[in-house]
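Here it is, the structure in full.
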């Protein structure tokens, strides 16, 4: 209609296109197909939370002062007025009380971090139980595992830098875990902290790791993760028309752009509403970190909970060698996560070699029931870490349930061995049972009341999906779609029917 | 950018009135209204956020306005994409991640043959380059790692407590027996190391009078019902600040290790593997508490070079 | 004399009510604008506190005049007589006649009025049955009766601590916060939420306490709580501490929304996973799943008769 404006846009597009040849590859990008299943959106939650983290984090860095220099706080919060605190703590308090929207941004950042790591874990479980890590996606699985480690680490760093009483205690434990590593531990701890605990360098160093170094690595790996996703294209569940050599679903443009774009805003909205209503990490109530002060009920954020739980349930064992020792915290603090992530990294290869003996390329996903051994191993291992996670709250649980703390700890000590042993055969049996009922998990058929010619009523099950056609449609090859006739039809208003812009008269 | 049918010879095979091109909404008008309404709600909420910001409203108002705005905006976008666009399904071909033997051969041949030309009779260059690069790799690590901090040396083995150190409160006051009643707890430091994370020590008054003998060889370490232990947990280093004076237990708030005070702070429950080191104290002629000596073992959690004895 | 006491008490009453107003005003404001914030409003707690404080102050007034009267007469006052009657009826079965102790309960001699007041006003005493663990429950006696019992028991022996009425005027809450973090947080947690100690013992939550109870608990160390005498927490520090506890532990400043009971990351993680990730997953479920659209073309062909979905 408006020739001038369209001409301008065309000119800009042509200028860019003549330098990057976008038109050659752009169309394939628009055609990228996303499978229609909700479980493929879990990773997106992580991606969007990461964007929220970047944006809110940029806001926070403008006010946070990463310094352990001692200053006297004077400000809005009376119980801290006149207290000698670190600059890091004082600036976080000022950010909370004196900067407009500061507390909201802090809470948004912290909730987004919780959701970020949480959605990574759920995404990883989906990938594991559906066998999406098999060839050719082993490397992407390993990148994902690395991203999980980095997310956990960066969460811990961010939790630590306000230098409050609760997180400071966590840093002390981190020092103890570092120094427990045989041979190099004490050196590592001294190098990281710039000397014996507490040192004066840890807040600035944690800060630069938290806001620059780890986010950059995460960004790089994320690019690799998504790049490989584009290269391999999405895996997909078995279904009508889905084959190993195609992808069935909705195209990037316009369907998925709208859906995923909307999902970004929905994720952000949920996080913002959470940040509005639920207070997180009220460090003004915790006070500044002072090495000889401590609070009971100190826990790390939930994603470190399994480590804290492991520290608690670990029996009081140490290994003493002539002239040397392996401290207690080494086993739950270093060995356990080391073994955990080594197993996660190697799982695709372990499974192919010992369980499935299948090295071929897979783009069609398993239902968890299809591979009972994988599913039950995964469930048992997950149960183990879930119990450890619960063990990080022994004291809070004992207080809440009014049960002896010692009893609660023993319950967890026993549970972390017994529960996985129970979960394994139960999961295995459930898989086998599900295999026998192929319709399990699908929508139930409608029961229809019919009236026969004599006037009597009967209730009968409908034929499969009567009245619902969408899942039964055959996929249309996106490469063969051209909507130009439809656009032409749109431009001739008389012939356009009232309902549905894509309906074209024959 | 209009495409012509010449580029898509089999375009006719996809009829545009196929159900795949219908929108997914059951009631298109209603869906359009809902989508429109959610964008309008988003607009109102964003405007409300702007107003709240200028009024410096509470965190709750900030979050609710912008959160609901984002939520409705996203809701509108998704319902547009989900219900008002062709329902599909569509498909695209997926090239498998395999190459032909020929392609492999060619790449390998190119790589090795060119490499051979480059290295031919010049393997000493490769060796020299590898040596220089290796040395670089090693020395580059020095400033990156070694500059970060000092070596531990002996610092993990000792504290500032030594013979004659006064037991001093965080305010710098020397402690005397009358400062505490039975069941009392006080965090003390050597007078030259106030507030130290390493030297922090707890002084407990366990009973009215008489020495407390926790084990043989410590007969005069705890005079007049007072006893002192390192406040740094032998498990993960938290301050052991929790004292149950009827049970005579010290509990670490972090991982709930429990230490029996009367038994020389032997661990009785939880993950702590070693007792809290006991500080030998005495009351000097002026009536102040002082240390007989420093701790006779490294305080706090274990480390590789701590030694082999428990 | 009595007039002077009354006047000073009037001032004290105002001083006591002041901090509550200060806290209540923003709370009411917040509650008015953000409905969910009503959930964590501490206004109920504020009401209770101001009520009991008022009672106490009023009672203190009458008690002071009674004391003055007792001093003038130099004989057993009606209060002591009332105390004796109540003690004989409710306490002597365990603690013995004249509080000298029996097989069932310890002697109360030498404890002072403050300790008795703390144990009775907190509902610990009388026990539900002999041998039960002391537990917080609604106090059996009103303030005047409690004070009568306390004064009666204190009159039987010397020593111990009197009923404490800390004057919070000019208290330094920052110093109180600092003392709290060092001495109280290791058991009661930094937010005063309370936590589990060893073997079925608990550090109780610090909510719903009067300034008198806080001060008496600090000085006397009930149950397993350590005793903090003046050498550890000075008189002015006690005032600061009580001001912090009754001001900021009772009514935590939570501008960020729901306080989640002050138990920190455990509750936060729960909310983050179930509300945060859970809601996002629900949204994903809506977005990602295929719409199923009623097909008009061959809807009822198989049945061909009236149908109703059940």
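Just so it is clear, A, B and C label the chains in written order, and each chain counts residues from 1 on its own.
In this section, a contact is a pair of C-beta atoms (placed from the backbone, for glycine too) under 8 Å apart; a residue touches a chain by one contact, two chains touch by 3 or more.
What you are looking at is a predicted structure, and each value in this text was computed from that prediction instead of being measured.
Student: Which one of the chains is farthest from chain B, going by Cα centres?
Tutor: The chain lying farthest from chain B is C.
Student: Select, from B-C and A-B, the pair of chains that is joined by more C-beta pairs in contact.
Tutor: Output for the comparison: A-B.
Student: Based only on mean CA positions, could you tell me how far chain A sits from chain C in angstrom?
Tutor: The mean C-alpha positions of chain A and chain C differ by 40 Å.
Student: If you average the CA atoms of chain B and of chain C, how many Å lie between those two points?
Tutor: Distance between chain centres: 34 Å.
Student: Nearest whole angstrom, what separates the Cα centre of chain A from the Cα centre of chain B?
Tutor: It comes to 17 Å between the two C-alpha centres.
Student: Out of chain C, which residues touch more than one other chain, so two or more?
Tutor: Counting only residues that touch two or more other chains, chain C contributes 34, 36-37, 182, 185-187, 197-199, 255-257, 286-287, 290-291, 293-295.
Student: Which chain A residues sit where two or more other chains touch them?
Tutor: Touching at least two other chains: 36, 103, 107, 259, 262-263, 266-267, 270-271, 274-277, 290, 292-298, 395, 405-406, 469-470.
Student: Can you list the residues of chain B that touch 2 or more other chains?
Tutor: In chain B, the residues touching two or more other chains are 19, 22, 24, 59-61, 63-64, 78, 82, 87, 89, 170, 187, 239, 241-242, 253, 256, 269.
Student: Please give the residue numbers of chain B that touch chain C in the complex, ascending.
Tutor: Residues in contact with chain C: 19, 22, 24-26, 57-61, 63-64, 78, 82-83, 87, 89, 170, 175-176, 178-187, 239, 241-247, 249, 251, 253, 256, 258, 269.
Student: Which bits of chain C are touching chain A when the two form their complex?
Tutor: Chain C reaches chain A through residues 34, 36-37, 172-174, 176-178, 181-182, 185-191, 193-200, 202-203, 244, 247-248, 252-260, 262-266, 268-273, 275-277, 279-281, 283-295, 299, 302-303, 305-310.
Student: Quick one: in the complex, what on chain C touches chain B?
Tutor: 30, 33-34, 36-37, 182-183, 185-187, 197-199, 201, 221, 223-232, 255-257, 286-287, 290-291, 293-295
Student: Give every residue of chain A touching chain C within the complex, in rising order.
Tutor: 36-42, 44-45, 77-83, 96-97, 103, 107, 111, 114-115, 118-119, 122, 165-166, 259, 262-263, 266-267, 270-271, 274-282, 284-287, 290, 292-303, 305, 392-393, 395-396, 398-399, 402-408, 446-452, 459, 462-463, 465-471
Student: Would you tell me which residues of chain B are touching chain A in their complex?
Tutor: Going through chain B, the ones touching chain A are 1-3, 5, 8, 10-11, 13-14, 16-24, 28-29, 53, 56, 59-64, 66-82, 84-98, 145-146, 148-152, 155-156, 170, 187, 189, 195-198, 200, 231, 235-239, 241-242, 253-257, 267, 269-274, 300-310.
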